[in-house]
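Right, I'll just put the structure down here and ask away after.
Think of it as A, B, C and D in the order they're written, each chain with its own count starting at 1.
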Amino acid sequence: MGALMRQITYANAINEAMSEEMRRDGNVFLMGEDVGVYGGAFGVSAGMLDEFGAERVIDTPISEAAIAGTAVGAALCGMRPIAEMMFSDFVTIAMDQIVNQAAKMRYMFGGQVSVPMVLRLAGGSGTGAAAQHSQSLEAWFCHVPGLKVVVPSTPCDAKGLLVSAIRDDNPVIFVEQKVLYKETGGVPEEEYSIPLGKADIKRRGSDVTLVAYGRMVPLCLRVAEDFATQGVSVEVVDPRTLVPLDTETLTASAKKTGRVLIVHEACRTAGFGAEIAALIAGSAAFSRLKAPIMRVCGLDVPIPFSPGLERAAVPTPERVAEAIRVLLK
Amino acid sequence: MSFDNDILKSMYVKMLLMRKFEEKVAQLFSEGMIHGTMHLYVGEEAVAAGVCTALGDHDVITSTHRGHGHSIAKGAGLTGLMAEMLGREAGCCKGRGGSMHFADFAGGNLGGNGIVGGSQSIAVGAALAAKMKKTGGIAVCFFGDGAANEGSFHEAANMASVLKLPVLFVCENNLYGMSMPLSRSMNISDIAVRASAYGFPGRTVDGNDATAVYRAAEDARDYVKQNGPMLLVCNTYRISGHSKSDTNVYRTQREIDAWQAKDPVLRMAAFMLKNGFSQAALDEADETAARDIESAVAAALQSPYPDARTVLDGVYA
Amino acid sequence: MSFDNDILKSMYVKMLLMRKFEEKVAQLFSEGMIHGTMHLYVGEEAVAAGVCTALGDHDVITSTHRGHGHSIAKGAGLTGLMAEMLGREAGCCKGRGGSMHFADFAGGNLGGNGIVGGSQSIAVGAALAAKMKKTGGIAVCFFGDGAANEGSFHEAANMASVLKLPVLFVCENNLYGMSMPLSRSMNISDIAVRASAYGFPGRTVDGNDATAVYRAAEDARDYVKQNGPMLLVCNTYRISGHSKSDTNVYRTQREIDAWQAKDPVLRMAAFMLKNGFSQAALDEADETAARDIESAVAAALQSPYPDARTVLDGVYA
Amino acid sequence: MGALMRQITYANAINEAMSEEMRRDGNVFLMGEDVGVYGGAFGVSAGMLDEFGAERVIDTPISEAAIAGTAVGAALCGMRPIAEMMFSDFVTIAMDQIVNQAAKMRYMFGGQVSVPMVLRLAGGSGTGAAAQHSQSLEAWFCHVPGLKVVVPSTPCDAKGLLVSAIRDDNPVIFVEQKVLYKETGGVPEEEYSIPLGKADIKRRGSDVTLVAYGRMVPLCLRVAEDFATQGVSVEVVDPRTLVPLDTETLTASAKKTGRVLIVHEACRTAGFGAEIAALIAGSAAFSRLKAPIMRVCGLDVPIPFSPGLERAAVPTPERVAEAIRVLLK
């Protein structure tokens, strides 16, 4: 991104994507808890009520199942809802509507209909919100055919991918990263979109491949810089969308470096990193691997409240660096 | 009160088709032609017939696991439904859905649902779309007495109320949710009371009387268009077992017999005879319906099973 | 009506402790000593004090995200609570839970809950256990006006009703769920109406009057023990912002001021003065409470942060 | 199992485990929809109402969230509830209670309490019940620290593992296989239990390792027999419990044969097979592998109704055999 590009926050980038699409398409609207005058719990929809009015920026009662279901019904009838779950953890209440309804309707009804909706989830730890407000649940949705799953790591990606998600004719789970909301990054002034299903090589390298998404991308990039000073060339691949997944870019990188480390904040067991590892272990890249595929993930523990524990529960730069050193041995 | 003859006829034909459709699928099932299970609507036909006949072109419905009747009443093609039961490519859902997932988006049926309560908020969303798009249509949500205990009912009813959306909640109270009698699944006897928790009206009607259901639905539709949601409880009874695996251990044959005597199809026929229809006209309707079902079966059986190589097609748009 | 002096005193002390606890944590938060967020109960103290003082030893409560007051009223140790706020090993949850997850199982507090509505059916289960184990206890479920719109409320209320379980649902109606005023989150003005949907009684009380809450809770407890669930709605107001990130854009300062004038702690003090307590006695209670909080803070600050190497301990029993 | 052992069905085995534990421990009880006079949708609890009465075999309203939550609350207060979700798909309605409450309470409350409960889910396809009644969702629960996850493949395992699950002090997700309910197998007369976390080598072999669980075990055993006649020795390892997972037995087998095929009915992407593949690819067994790790899983598609499609959507003996042939090449 050019040095002259304007810098805006991840939250603003999401706001811009929603607002631009709402200007462009009268069928797009936003609904959720406190998305109106409050502007969303994290300020993501600030100002949107003023611009679009209460008919298109809809504050709902605290009823996550009905929020999701209302979005599904509206999508079936020609609208393009964006529904927000204030914290991703609350999606546990809305799983039927997402998994049994939205994801399956197109197939189950023989292609009669599509369900163009976006469910925005604020995910992840790092804010001291503890076990019920800090989860990273993207792997669940990746395991549900019919859904697409996006986890952006930068303001630029967040905006471009959300535009595509809104325009997509399928239900898209858009997992935002709470701790990135206030982070800034370069975002083009002009309209753009980023296609779903295309990984982005955030840093090119030749010795080892780091696959990371969401807030783990900036963390991995920092670690990669450190290694660069030691003469180790680390490639950082950000899949950006987990479903559909750009397996080609991932396996190409694995083939090139022969060493793969997967990093995500979600807890390790049955996390999406397992899928990435399994894909590589089952691919043509397998024979080019010089070391076992490693994962640095969140620990298998509910996110604790106390700050030191909370930090220890998710990947740290130290754990990532240590894994790289093991891989290089 | 006088009744338009075309409406009576239309309701009667729908009820005949529902009954004969299900008699046929039960037979096909027992012959091993139909896979899986099915939830028959026998005894409840007056509800779907009465409600759907009162609807207009822009109105949509959401249906349930017990949705054959809703589909027929809302006008879906019989061949598509029969082929769907049989798992054929010509099915309304290309054989992918089966009995619980009949849908006809062109005709305003947003689909059956295998999840009890699963369609309640979907109807709310459909009503929201109607409001935003100013179609003038309403959304009708069919659901059972058992489904009224799902949290989804509460959330959907409240959401529709505060957003003032044109949703008509139609509770098909057949006195049981599977083996659970109403008397043990809730501590109220009139489900319509629940509407007051959301600040909208609830009304109860004899669900075995198609004309009463029709009038109530007509009134309710007018109300809903102007004012937002309403609950219409139709009291009826499921004559068939819950599903194909039901052995009816939870109720008495006597109870079933007593309701059989109130068969809504016979009742409708009697009403029509009293209101100027001839026996010959009814007989003809009966024969036509039987023929329609037979030709739907014949056409459906012509359709091939889906090619297994297409199993992955159509997951995504 | 006359009131037992010990009960009055006990309620007043609880309210003072709640208020001072939260004043203290707000201060510690602004000093950067507390991580995360918190939901203050300022203005609502009469509810927890009134209800919990009416409970017996075998009674249990489930709490919410706004649970500091419930914990204190149910008698949890102050050091454990303060240490929990501070994320210390001496916290009631060893620093693992934080503000939203205060719990004191020994004292009958089954825990706060970060999920709005998350504890409603848990209270039902606690009541089921009490019934099966014949403890004679009841389960009290605190929840907010906003939580009354979750499907979990509906399911829990109905389940408790049909199983005839000793659950007292206490709705803390503070007129808002975050930025959403009651008037926009439901189309009824008296939440107690909702009880009728489940066939049990609902009653509304002035939630800023601890004595009224106490008497209502006492009656409700008797009722619940004999008959099964009941809903008690306590009308009150949240003086503080929803959480630490709230800038109060959704309400007027005037409204806040008007409720501030009805401060339940001051009101309780006035009542006690009228009922034979001296100003000196009240002052002493105030000072004692302040000292108790200070010593809780001091003790809590003595406690270390949990060792990061123990992060994995205790996930499984 | 000895030839003289009595043969009972998988459903009966589960019934026996529940009944025996209810006789043994007054705190154990069963709740769910139609578990009483109906005997459960699949007849699993037939007769239990008669023996234990309506106080301990509790028919509930259709309220999955409250069923799970009531179980959690009762467990917190000293009971040992067994709660049934009639079809595993309905657990989507109860996810908050399982994930945010049951799984996290012990940790989040600093060890004050335990949540000894079993949630029984009837999972899987094969009955023509279509997209919303046929899912295999075990991977979700494996991704939630605090839960244990069991998927038994035989009547004997079902009984022995359920006894352990009921006695366990943690919330256990017990995924039953609908199509196995009527299958019979040898089950000891006398009381026994099978510990959670111990894999069972259902068939010993040396050329290739099949890791399979649930209904895929009998399928894989049949395929293994076929290969035996062709002189190929196939080992079939059934982990039985996915959490805790007996990684030792799995990696030992992988080391021994050097060829690993993972088979499950759940759809492939982000299924539990990915975790198993990732574990092996990240373990010391990695260097002993002679071929990429393969997976034969359910396709990434909602389960279709039409019988031919339904069969095509999940692993067939042919697909398993084909994968073995590829591995042996």
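Going forward, contacts are C-beta pairs under 8 Å (C-beta built on N, C-alpha and C of every residue); 3 or more make two chains touch, one makes a residue touch a chain.
Note that the structure is predicted; figures quoted are calculated from it, not measured.
*Asks:* Which chains are shared contacts of subunit A and subunit C?
*Replies:* Common contact partners of subunit A and subunit C, which must touch each of the two, are B, D.
*Asks:* Comparing centres built from CA atoms, which chain ends up most distant from subunit A?
*Replies:* Chain B.
*Asks:* Can you give the whole-Å distance between the Cα centres of subunit A and subunit D?
*Replies:* Inter-chain centre distance comes to 30 Å.
*Asks:* Suppose each chain is reduced to the average of its Cα coordinates; what separation in Å results between subunit B and subunit D?
*Replies:* Distance between chain centres: 36 Å.
*Asks:* Where the centres are mean C-alpha positions, what is the separation of subunit C from subunit D, in Å?
*Replies:* Going by mean C-alpha positions, subunit C sits 40 Å from subunit D.
*Asks:* Of all the residues in subunit D, which ones touch at least 2 other chains?
*Replies:* Each of 61, 63, 65-66, 89-90, 92-93, 96, 100, 107-108, 130-132, 145-146, 299-302, 304 in subunit D touches at least two other chains.
*Asks:* I need the residues of subunit C touching at least two other chains; which ones are they?
*Replies:* 91, 93, 95-97, 101, 113-115, 118, 149-152, 155, 158, 162, 184-186, 315
*Asks:* Have a look at which chains touch which and call the overall pattern line, ring, star, complete or other.
*Replies:* The chain contacts form a complete graph, every chain touching every other.
*Asks:* Across the complex, what residues on subunit C touch subunit A?
*Replies:* 35-37, 84, 87-88, 91, 93, 95-101, 113-118, 146-147, 149-152, 177-180, 184-186, 245, 249-250, 305-306, 308-312, 315
*Asks:* Across the complex, what residues on subunit A touch subunit C?
*Replies:* 33-34, 36-38, 41, 59, 61-66, 89-90, 92-93, 127-133, 299-302, 304-309, 311-313
*Asks:* If we count contacts the way the header does, which residues on subunit A are in touch with subunit D in the complex?
*Replies:* Result: residues 65, 89-90, 92-93, 95-96, 99-100, 103-104, 107-108, 130-132, 135, 137, 139-140, 142-143, 145-146, 243, 245, 266-267, 269-275, 277-284, 286-287, 289, 291-295, 299-302, 304 of subunit A touch subunit D.
*Asks:* Would you mind writing out the residues of subunit B in touch with subunit A in their complex?
*Replies:* Touch residues, subunit B against subunit A: 60, 62, 91-97, 101, 103-106, 110-111, 113-115, 118, 120-130, 132-133, 139, 151-152, 155-156, 158-159, 162-163, 314-317.
*Asks:* For the complex, which residues does subunit D have touching subunit C?
*Replies:* So the residues of subunit D in touch with subunit C come to 27, 29, 55-56, 58, 60-61, 63, 65-79, 81, 96-97, 100-101, 105-114, 116, 145-146, 148, 169-170.
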